[in-house]
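For reference, the structures are reproduced in the following blocks.
Consider the two complexes below, in which subunit A is the common component and subunit B and subunit C are the respective partners.
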Partner chain A sequence: MSITLDQVTKHYGGVPVVNDVSLDIGDGEFFVLLGPSGSGKSTLLRAIAGLTGVDHGRIALHGRDVTHVAARKRGVGLVFQNYALFRHMTVAENIEFALRVRHVRARERSRRRQELLRLVALEGLDQRLPAQLSGGQQQRVAVARALAHKPEVLLLDEPFGALDAKIREELRRTIRQVQRELGITTVLVTHDQEEAFAMADRIGIMNHGRLLEMGAPHDLYSRPATRFVATFLGAANLLLARRTPDGIQMGVSTVAAAERSPDLGEHEVVAVVRPEEVELAASRDALKSGYLARGVVDEVMFSGALESLRVRLANGAQAPLLAHANGAAGASLQVTRTQPEQRGFEVRPGQEVAIGVRRVHVLPTPLSSFTACAVSAALAEALSRQPLLAELAARMHTRIAPRVEPHLGVPDAPSATDEPSVGATAIAGGSDCSRRAEWLLRRGAREVLVLPEQPAVPQRVLIHWMSDASRSATLAVSASVLRHVAAEAVYVSIFPEERAGEQRHGLRELLDARSEAQLAHGLEMRTELRFGDVASELARRLAEAPAQMLIVGLSDLTGFAASFRVLLETGQWPVLIVYRASP
Partner chain B sequence: MAAALPAAHGGDLTRPGQHTWVHAIVRWVFIATSLAFLAALLLAPLATVFAMAFQRGPYAYLESFADPDTAAAIRLTLTTAAVAVPINTVFGLAAAWAIAKFEFRGKSVLITLIDLPLAISPVISGMVFVLLFGLHGWFGAWLRDHDLSIVFALPGIMLATMFVTFPYVARELIPLMQQLGNDEEEAAITLGADGWMTFFRVTLPKIRWGLVYGVVLCNARAMGEFGAVSVVSGHIRGLTNTMPLHIEILYNEYNFVGAFAVASLLTLLAGLTLVIKTAIERTGYRRRR
Partner chain C sequence: MSFRKASILPGFGLTFGFTTFFLSVIVLLPLAALTLAAASMHWSDFVHVVLSPRALGSYRLSFGASFLAAAINLVFGLIIAWTLVRYEFPARKLIDALIDMPFALPTAVSGIALTTVFAHNGWIGRFLEPWGVRIAYTWLGVTLALTLITMPFVVRAVQPALLEVQRDLEDAAETLGAGRIYVARRIILPTVLPSLLTGFTLAFARALGEYGSVIFIAGNLPMKTEITPLLIVIHLEEFDYQGAAALGVVMLVISFVVLFAINLLQAWGRRQQVRAAH
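And then the complex of A and B:
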C-alpha cells in the first residue's frame, strides 16, 4: 500500500475536523477525496503531507510510519489551489528548487527540468516569472515543481479551483496523463463531483470529518449506501418506501429493487431514484417501467443535451418524497430526459402525466424517518420541533411524523392505531420516560429516541449493546447516526465486576466489534473496556462530559424500566434504544 | 455593457476617462493644489535650511564642520543608528514572523505593545529610562556600585533610540506577511527545504521591499530622534550630543550658520537613505526583468 491511514483524527477547538479516518490507497492509484467545503478533506490531505499534525491515529507512506516525521522528510509532492509558486523565482528556479535543496549538480538539475517541462507541455518557458504566465500555465509549473524530487506520492489540493472551465479540462487531462505515465500514487481533493468522476480510480466521500463511503465512481453512483452520498454525488430523489417480500412498495405500486436485501422483515426504507431513471408518459398504460403515481409538471428547463423537469406528485400519492439533490424537502420530483425521450413524449408546464420508475436503489440505512410520539397532538407537535430532533431530521433529509398515543406508558393499554411504527420513535425525556419507552418497544417500535429537555448536538456517541443479538442492528443504527453528526464514536464494553479477571476475553470482544463496525458499516470507533454494573457505568461515563449521546442495543425487555431508569431519567443526554427481539 | 451606458445616462457622453474641458480643469486643479501644498509645506522649509546654512558662503559652511563638538555629534548619531537599526530589524522580523505565521495566546497584546512607542510621547520614552537607570532610579544604586553609567551616556541614548524606533520594521512587515500568506513557505517545506532555507530563499525575497521600506523609516527616525534622546542624553557637548540635540544648542547660541549646516547634513543623510532605497529597488527590478 502506498498510503495507509489508520484512525486519523484532528480536532480544532474541541470539534473533530477529521474524525477517525482509515484508508488504504494502492500503488499508482488515483484517489479522489470528495466532499463539501468544511468536510475535512483538505485537512486530511495536509495531514498526509505533514503540514498539519494529527491528534490521534497513524499515517504510513509505503509502509513507513511517518506520523511523526517532518513534512520536509516525507518525500511527497504537494500542489496548492493558488499555485504557491515562488513569485521571485523563474520557472526554471521554481522547478529546480527541490533539487537545489538536495544539492543535485547543475547539469542533472537542468536535464530533469527539461524532462518535467516536456511532461507538462511548457517547453521553452524556463526563464519566465510566474507573474508572466496564465493561471493554467502556473498550475502546470506547480505540478512540475512538485514532481521534481521524484516523490512517492503526489497530493493535489483543489488544483483547478481558480481556473476557468476550458483550461480546467485541459489541465485535468494533462495531470491524468502525467499520473499514468509516472505511475505515481495520487490523492486529489475536490468539491466538484464531475472532476472526481473524470479523474478517479476510486473516490472517497467525506462529510463532517468522516470518510462516509469509498469505491469506484460507478459503484458509488449506482449503489450509494448513505443519503449524503446519494444526494451529493449527482442528483437524487429520496423517497420513503416500504420493503415487502415482493419488492419496494412506493405508494400504490411495487417496484422491483435493484438489489436483494438480506433483511427479511417488512419495514420502512429510504429509496433513491435518480432523475434519469424516472419515466414520464401520458397514461399509466403507456409506461414501460413500474408505475409510481400521477403528477403535474411544474417546470421544464431546457439545458442542451438534457431537459430537466420538476414534477409535483398528485394528491393521493402515498410515497412521501423526502428531498432531491439540493437537499430541500419538497413535493416535486426531479426528472431529467434525453432528446429521444423528449421527442417521444413532449410535455409542457401544467400538464398531467403518469410517472414511472425504471430503477430504484434502497439505502441500507436502518433510520428511515422519525416519529414524534406523545399523549396529545400538541405535545407531539412540540416534540417534533425539539431542536436536536429537528436538526437530526434536517441533516438526514428526512421527515418527522407526529403520532398520538393517549395511553402512552399505561401498562396493558393498547396502541391507539393499528398502523405499525415507522422509523425511529422519539419521546420526551423526564420522569417516567423509561416506562413510556418500554411501552413503545413492547408494541413494535424498533428504535426509541429519548430526548431530554435541552440536549446539545452530541460531540461523542457512546455505543453499547446488552446482548449479541442486537449487536449488528446497533452498529448499523450507530453508523447511520454518526454519518450525520460530527461526533466521535466510542464503543463501551462493560463486564460485571466479578469477571474482571477475564480482561483478555474483553479485549477480544472489543476488537471484533471494531472490525465489524468497520467492515459492515464503514464506521470507525474507539473502544473502551469497563467493569461494573452496566447501567450505572454508562450513566457515570455520560455524566463525565457534556454533549454526549448513548446508543444502546437490547434484545430482551425483562427488567427494562428498573435498570434503565438511572440512564434515562437522570441526565441531559439523549438515548437511542435499538431493540431487536432475540429470534 | 459599455454600449448600454450612454442610453442609461440619457445620452450624456461624459464618462470618467474621457477628455472634456470639465475633466481637464478638474485635473489641473488637483495637480496644482497638491504641488502648491507640497511646495509650502515641504520644499520651502527645506530650501530655508540650505539658504540659512550658506548665508555666509561655502567657506563658513564647511568651517562649521571643523568644530570637534559637531564632528562628535555626527559620529554619535551614526553610531547610534548603526546599532539601533540592525537590532530593530531583527526584532521586527521575528515579531512579524510570529504574528503572521502562528496562532498563540496574547497575540493581540503583542501587537498593541509594538504600537506603544508610536502612541506615547517621546519625552516619556526618555523618562522611563531615567527612572529605571538614573541615579535615583530602580537600578541606579546597583549601577553606581558597579561603576556603570547608562543614563547620560551612550548606552542610554541607544536604548532610547531603539525604544522609539522599534515599531517601524514590524509595523511594515506584519500586514505584508499576513497578506502574502503561508503557501510558498509550505510549498518549500514539502519540497524538502529546512527552516533557514525557507526563510532566506522564500520568505526574505518575498518581503524584501517591505523590509527595505521599514528599515529606511526606522533609520530616518533613529537619526532624527530628539525628544527621548534629549531626556537621557544630559547634553554633554562632544560626548552625549546627537545631531538634533547639537542643532538646538547651536541655534540657542545664535550660531545660525553652524545650526543650519548640521541641519542640512541631517537632511542630506535622510536624502541619502531615500537614494539607497531607490537604488536597491532599481537593481531588484532589473534583476527581475
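And then the complex of A and C:
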C-alpha cells in the first residue's frame, strides 16, 4: 500500500474536521477525495502531506509510519489550487527548488528540469517568471516542481479550481498522462464530481469530516449506500418506499429492486431513482417500465444532449412519497431524457403524463424517515419543528410526519393506527418519557428518539447495546446518524462491577464491535470500557461534556422504564433507542 | 513635445503643475533659502565652521547613530511585523496600535521618558550601572532614542509585504524539502526585501533630523554626545545664522547623497529581478 490512513482524526476548536478516517491507497492508484467545501478533504490531504498534524490515528507512506515525520522528510509532492509558485524565481529555479535544497549538482538539476518540462509540455519556458505565464502554464510548472524530487506520492489540492473550463480539460488530461507515465500514487482533492469521474480509479466521498463511501466511480454512482452519496454524486430522487416480499412498493406500484438485500421483513426504505431512470409516457399502458404514478410536467429545460424536467407527482392517498419533500403537496421529481426519448414522446409544461421507473436502488440505511409522535396534533406539530429533529431530517433529506397518539403512555391502551410505524419515532423528553418510549416500543416502533427541550447538535455520539441481538441494528442506525452529523463515535462497553474479572472478554467484545462497525457500515468508532451499572454509567458519561448523544440498543423490554428512567428523564441529551425483539 | 505623453488618465497637466508648485513652496524654496544663506559666507569661514572638530564629531554621531538605529529597527521591526501578521494572540490589535505611539508622542516626551528609565538612577539604568554600562548621556542613549522614534517606519513598511507572503508558498517549500531557515532566506526574505529597504531608508532619514528626544538623553557633550541638529541650534542661539545654515547645507548634501544611493540600490535590485525574467 502506498498510503495507509488509520483512524486519522483532526479537531479544530472541538469540532472534528477529519473524523476517524481509515483508508488504503494502492501503488500507482489515482484516488480522488470528493466532498463539498468544509467536508475535511483538504485537511486530510494536508495531513498526508505533513502540513497539518493529526490529533489521533496514524499515517503511513509505503509502509513507513510518518505520523510524526515533518513534511519536508515525507517525500510527497503537493500542488495547490493557487499554484503557489515562487514569484521571484524563474520557472527553472522553481522546478529545481527541491533539487537545490538537496544539493543536487547543476548538471543533474538541469537534466531533470528538461525532463520535467517535457513531461508537462512546457519546453523552452525555463527562464520565464511565473507572472509571465498563463494560469494553466503556471499550474503545469507547479506539477513539474512537485515531481522534481521524485516523490512517492503526488497530492493535488483542487488543482483546477482557478482555471477556466477548456484549460481545465487540457490540464486534466496532462496530469492523468503524467500520472500513468510515472505510475505515481496520486490523491486529488476536489468538489467537482465530473472531475472525480473523469480522473479517478477510485473515489472516496467525504462529508462532515467522515469518509462516507469509496469505490470505483461506476459502483458508487449505481449503488450508493448513503443518501449523501446518492444525492452528491449526480442527481437523485429519494423516495420513501416499503420493502415487501414482492419488491419495492412505492405508492400503488411495486417495482422489482435492482439487487437483493438482507431480509429484514417488511419495512420502510429509502429508494434512489436517478433522473435518467425515469420514463415518461402518455398513459400507463405506453410505459415500458414499471408504473410509478401520474404527474404533471412543471418545467422543461433543454440543455444540449439532455433535456431536464421537473414532474410534479399527482396528489392522493396512495401517491409515492418523495423523502425530501416532507410530505408537502407539489413535490416534484427530477427527470432527464435523451434526444431519442424526447423524439419518442414530446412533452410541454402543464402536460399530464404517466411516470415509470426503470431502475430502483434501495439504500441500506435503517433510518428512512421520522415521525413526531405526541398526544395531540398541536404537540406533534410543535415537536416536528424541534430544532435538532428538523436539522437531522434536513441533513438526511427526509421528512418528519406527525403522528397523534391520544393514549400515548397509557398502559394497555391501543395504538391509534393499525399501520406499522414507519421510520424513527421522535417523542419529547421530560417527565414520563421513559413510559412513553416503552409504550411505543411495545407497539411496533423500531427506533425511538427521545428529545429533551434544548439539545445541541451532538459533537459526540455514545453507542451502547444491552444485548448482542441488537448489535447489528444499533451499529447500522449509528452509522446512519453519524453520516449526517460531524460527531465522533464512541462505543461504550459497560461491565457490571462484579464481573470486572472478565476484562479479557470485554476487550475482545470491543474489538469485535469495532471491526463489525468498520466492515459492515464503514463506521469508524473509538471504544471505551467501563465498569458498573449500565444506566448510571451511561448517565455519568453523558454528563461529562455538553453536546453528546446516546444511541442504545435493546432486544428485551423487561425492566426498561425502571432502569432507563433517570437516564431519559433528567438529562439534556438526546437518546435514540434501537429496539429489535430477540427472535 | 515628448514631455507630455498622451495618457488615458486626464488631468496630467493640472496634477503635474500642482506637484511642482507644492514641492517648490514647501520643500525646494526653503532649501534654496538655506543654501543662499550659507552661500553669502566667505569660503574660508564656511570651511572653518563645517570642518571644525566639533562639527565633525557631531556628523559622526548623527550619521552613525542614525544608521545604527535604522539597522536595529531593520531586525527588530521585521520580527515585530512578523509576529503581528502571523500570529493570533490576545491584545494583538492593542499592540498593533502601540506601534504608532512614537509617531503621536511629542518627541521631547519620548526623550524625557527614556531618560527617566535609563538614567543611572532610573528603573533600568540602576541595574546597568554596576555593570559599567551607561546609556543616558552617552552615544548609546542617542541610538536608543533614535531607535524608539524610528521604530514604526520599518514595521509599517514591512507589514503589508509580509501579509502578501502566502502560507501556501511556505507549505510548498516545506513539502519540497526546505527547512525553516532555508524558507525564511529563499522565500520570505526576497519577497519582503524591497519594503524592508524602504522602511530602513525612512527610518534613517527620520533619525537624521531627530532633535527633540535626543537632546534630553544625550547629555550634549561637545565632540561626544552632540548631534548635528543640536549644533545648528547652538549656532542659532549665538545668532550665528550663517554658521547654522552652513551646517544645514552639509546635512542636506550628505542626506541627499545617502538617500539617493539607497534609492539607486533599490532600483538596481528591481532591475535585476526583471532582467532575470528575460
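Assume the second predicted complex is superposed on the first by the 568 of 583 C-alpha atoms of A that agree within 3 Å, B and C clash if a C-alpha of one lies under 4 Å from a C-alpha of the other, contacts with A are read in each partner's own complex, and residues count from 1 in each chain.
The working rule: a residue touches a chain if its C-beta (ideal position, glycine included) is under 8 Å from a C-beta of that chain, and two chains touch if they have at least 3 such contacts.
Keep in mind that this is a model prediction, so the values were computed, not measured.
Steric overlap between subunit B and subunit C is present once the structures are superposed on subunit A. Touch criterion met: A:51 reaches subunit B and subunit C at once. Using the contact criterion defined above for the overlaid structures, shared-chain residue A:149 touches subunit B and also reaches subunit C. In the overlay built on the shared chain, the residue A:72 is in contact with subunit B and with subunit C.
Once the two complexes are laid over each other on the shared chain, residue contacts for A:372 go to neither subunit B nor subunit C. Shared-chain residue A:84: touches subunit B and subunit C both. Of the two partner chains placed by the overlay, neither subunit B nor subunit C lies in contact with A:203. Once the two complexes are laid over each other on the shared chain, residue contacts for A:132 go to subunit C alone; subunit B is not touched.
Annotation: subunit A residues 49-51, 71-74, 76-78, 80, 82, 84, 86-88, 97-98, 101-102, 129, 142, 145-146, 148-149 touch subunit B in one complex and subunit C in the other. The touching residues of subunit A, when paired with subunit C in their complex, are 46, 49-51, 70-74, 76-78, 80, 82, 84, 86-88, 90, 97-98, 101-102, 127-129, 131-132, 142, 145-146, 148-149.
By the touch criterion given at the top, residues 49-51, 71-78, 80, 82, 84-89, 97-98, 101-102, 129, 142, 145-146, 148-149 of subunit A touch subunit B in their complex. Interface residues of subunit C, counted against subunit A in their complex, comprise 166, 168-169, 171-179, 182, 186-187, 190-191, 273, 276-278.
In the complex of the two chains, the subunit B residues touching subunit A come out as 183-184, 186-194, 197, 201-202, 205-206, 288.
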